[in-house]
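The structure appears below as C-alpha cells.
Here the chain labels run A, B, C and D in written order, and each chain numbers its own residues starting at 1.
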C-alpha cells in the first residue's frame, strides 16, 4: 500500500502533489514533484498515476521543453534543457508512502527521466 | 472575384486598424521632438507585430486556441495570473486612452469639451459592442481609418526637403537639445505603440471566432504581411509631417489637435475633416478592440465562453466584463486626466507587459502537439528568437527609462 | 480525431487546458484533477475540477487563499465544492479537453448563470445571435 | 499633462536626495527657468501656427479655438509650476526676466484666443504678430536670462 490513508476511495487533488517534497527513506531530500505522469485507459477514468517527474527545484521548469525531443527555437530549448538536466523520474512501485498533509512523498529510488511516449 | 475582394478587404482593414491613439500620439510627438531619427524603431516594431501576429494567427488557425487561452497552459496559474493582471491592466489603460481619443476628436470638431463627450462616447461604444456584428465593426472602422492616408497626401503637399528627412532617418541619434535617455525612452514608447498586446489578443480571438483552419493561414499571412507594414508606413507619415512642421518651429506635440495641424496647413479644411474622420475611426475602432480584448483575456484565462458570434446571454460573463470596463472607464476619464498622458503611459506599459504573452506563443508555435506540421519554420524561429531578445530588452528598459526621463519630460 | 494519449504528463497536457463540449463551446478550464484511491492502492483520475475552488489552492500564496475565500463567500451553500466533471465524460484530447456532455448540463458555471440572470438577460437583445 | 506632472513630481521627490533642487541652487533654478521658457516657446509657436492657419482659412473656427485653448492651458500650466517655485537667494534677476517673458507670452496668447473665438480677423492679425514677437523673445531666452 503506497498510501498512508487506510480507507480506499479517499479523494485527493492532483494539485496537492505538485510541488510536494520528495525524500528517500533515510530522509535525504531528492527534490520536488514537478509533474505527475498518468497512464492506462481506455477511458480517462482508467488512467492511474504512473509516476512522478522530480526536479531538484520544483519551480521554474516550464514550457514543456523539458520532456520533448523536437522543439525549437534552438536558443530557448538549449536554455530550458540546461536548466532541466536534473530531472528524474519516480515509478509508482518505487513510491513507499504519500503524506498528503505534509505534502511529502517518500520514495525508494529515482530513475532517469525518459522523454514521454508519442501519442497512441 | 469574391475571394480577391475578401483578401483586399482584409488587407485594407489591417492598414486602417493598425493605427490607434497610441500610434497617432507617439508618432506625432516623436516626429516633433526627434524628427525622423526614430523611424527605425517603427520598422523594428512593425516587423515584430508581423512575427507575433503571424505566429498567433497560425496557432489560432491550426489549434483553434486564442492567445490568452495558451498563456496559462504554458505559464501555469501563478505566473499566468500575474500576466492576466498586467495585460488586462495595460489593455484597460489603452481602452481609456482610446475613449479619450474619440472624445478629443469630437472636441476638435465641435469645440465642446471632451469631458462632456466621454459619457456619450462610452454609451455609444457599449451599444456597438453589444449589438453590432463583428465583421461590420472590423470593416467599417478599418476602412474609415484609411482616411488617415491624408497624412501621406499632406506630407507630399508640404513639399518637404526630402533629402533632409532622409538624413534624419539615416542618423539614428538624438537631435541637438535631446539626450540619449530621452531618445531611448521614446524608442521604447514607439516600440510599444507598434507592438501592443491587445492587437494580438484581438487578432487571434477573431481568428478563433471566424473558425479559421489551416487553409486560412495563407490569407491571414497576406493580411499581416501587407496590411501591417502599410499601416506602419502610415504611422511614419504622421511622424514625418510633425517633423516637417513642428521640429524646426520647436513645438512639442502634446494634444491631439496638434497631430492634425500639419494636415490643415497642407490641405486646408477638407484635409482637416478627413484627418478628424480618420482619428475618430481609428480611436473608436481601437476602443472596440481593446474593450473586447479585456473580455477575451479574462474569459480565456478562466475558460469561460466568450465572443461576439454567440448571443450575449450565452457569453454572459464575457459581456458583463465588457460592460463593467466601459462603465469604469468613464469616471477615470472624468477625473480630468489627460487622455494624451494616459496614451503615453499605455504604450510604455505595453512594452513592459509584452514578454509574458509573447513567450508562450513562441513556444506553442513550436509544439507539434498543438501545431502538427505547422510548427515554426527556420525563418519564423530565427526572427522569433531575435524578437524575444528585443522584446525582453524593451521591457526591462521601460521602467528605468521612465524614471530617468521623468516620463519623457 | 485523436483519442486519448498513451500517457499524460498531467501538468503539461491536462491542467489549465480548455474544456469544450460537443459543439466546441467552451465549458471551463481544467483547474485541477480529482484523484481517487482505488482498491489496489493506485490513484485513478476520477474527475476534472473547475472554478476558483480548484484554481485557488493551485495558485497558492495569499492570492490563492483570497480567491478561495471570495468564492466561498459568494456561493450560497455552506460547504461549496469546486465544479466537477466526471472523467468518464472525456472523449478525447487535443489542444482542448473534449467532453460528451453539453455545457448547460454540466452545472459548472454558477457565475455564468448568475451573470445571465442578474444582468445580461435584463438588457434588450441579449438573446440575439449575430 | 496633469498626470505626467504629478508622476514627474513624485519621481523628482524620490530623486531629491541625490541632486540639487531648483529651490536651493541658483544654477538649477536657471535650468528650470530655461526649460519652462522652452515649453512656453513650444506653446506660443503652436498658437502662432494655428492663428496663421485660421487667417488663411485652412481651419474651422471651432478647431482653431480648441487648438489655441489647449495651447493656452499648456502654457499656463508650465508658467504656474515655475512661478510657484521658491527662488534661491541670488536668483531674483533670473526670476524677474523669466516671469516677464512668461506673462508677455500669456498675454499674447490670451489675446489670440479671444480674437479666434470672436472670429475677429483684424484682432487675429494683430494677435498673430504679437504672438510671433513673444515666440521670438522666448526663443532667445538663453541670452536674455542673466
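Assume a residue touches a chain if its C-beta (ideal position, glycine included) is under 8 Å from a C-beta of that chain, and two chains touch if they have at least 3 such contacts.
Quantities reported herein were computed from a predicted structural model and do not represent experimental measurements.
Chain centres computed from CA atoms place A at the largest separation from subunit B. Nearest to the overall CA centre, using the mean of each chain's CA atoms, is chain B. In terms of C-beta pairs in contact, B-D outnumbers the other of A-B and B-D.
Computed centre separation for the pair subunit A/subunit B is 42 angstrom, with centres defined by C-alpha atoms.
Centre-to-centre separation between subunit B and subunit D, using Cα means, comes to 32 Å. If you average the CA atoms of subunit C and of subunit D, the two centres end up 60 Å from each other. Centre-to-centre spacing of subunit A and subunit D amounts to 67 Å, using the average Cα coordinate of each chain.
Shared contact sites, meaning residues of subunit C that touch two or more other chains, fall at 11, 58.
Across the assembly, subunit D contributes no residue in contact with two or more other chains.
For subunit B, the set of residues that touch two or more other chains comprises 76, 369. The touch graph of these protein chains has some other shape, matching none of line, ring, star or complete.
By the definition of touch given earlier, these chain pairs are in contact: A-B, A-C, B-C, B-D.
Interface of subunit B with subunit D (complex): residues 107-111, 245, 249-252, 254-255, 257-258, 260-261, 264-265, 267-269, 272, 276, 336-338, 340-342, 344-345, 403, 406-409. Residues 74-76, 359-360, 362-363, 366-369, 375-376, 381-382, 384-385, 388 of subunit B are the ones that touch subunit A when the two sit in their complex. Taken in their complex, subunit A has these residues touching subunit B: 62-65, 68, 70-76, 119.
Every residue of subunit B that touches subunit C in the complex is listed here, in rising order: 63-65, 69, 72-73, 76-78, 80-81, 130-131, 133-134, 299-306, 308-314, 316-317, 319-320, 323, 369-370.
Across the complex, subunit C is touched by residues 1-3, 5, 7-18, 34-50, 53, 64, 67, 92, 116-120 of subunit A.
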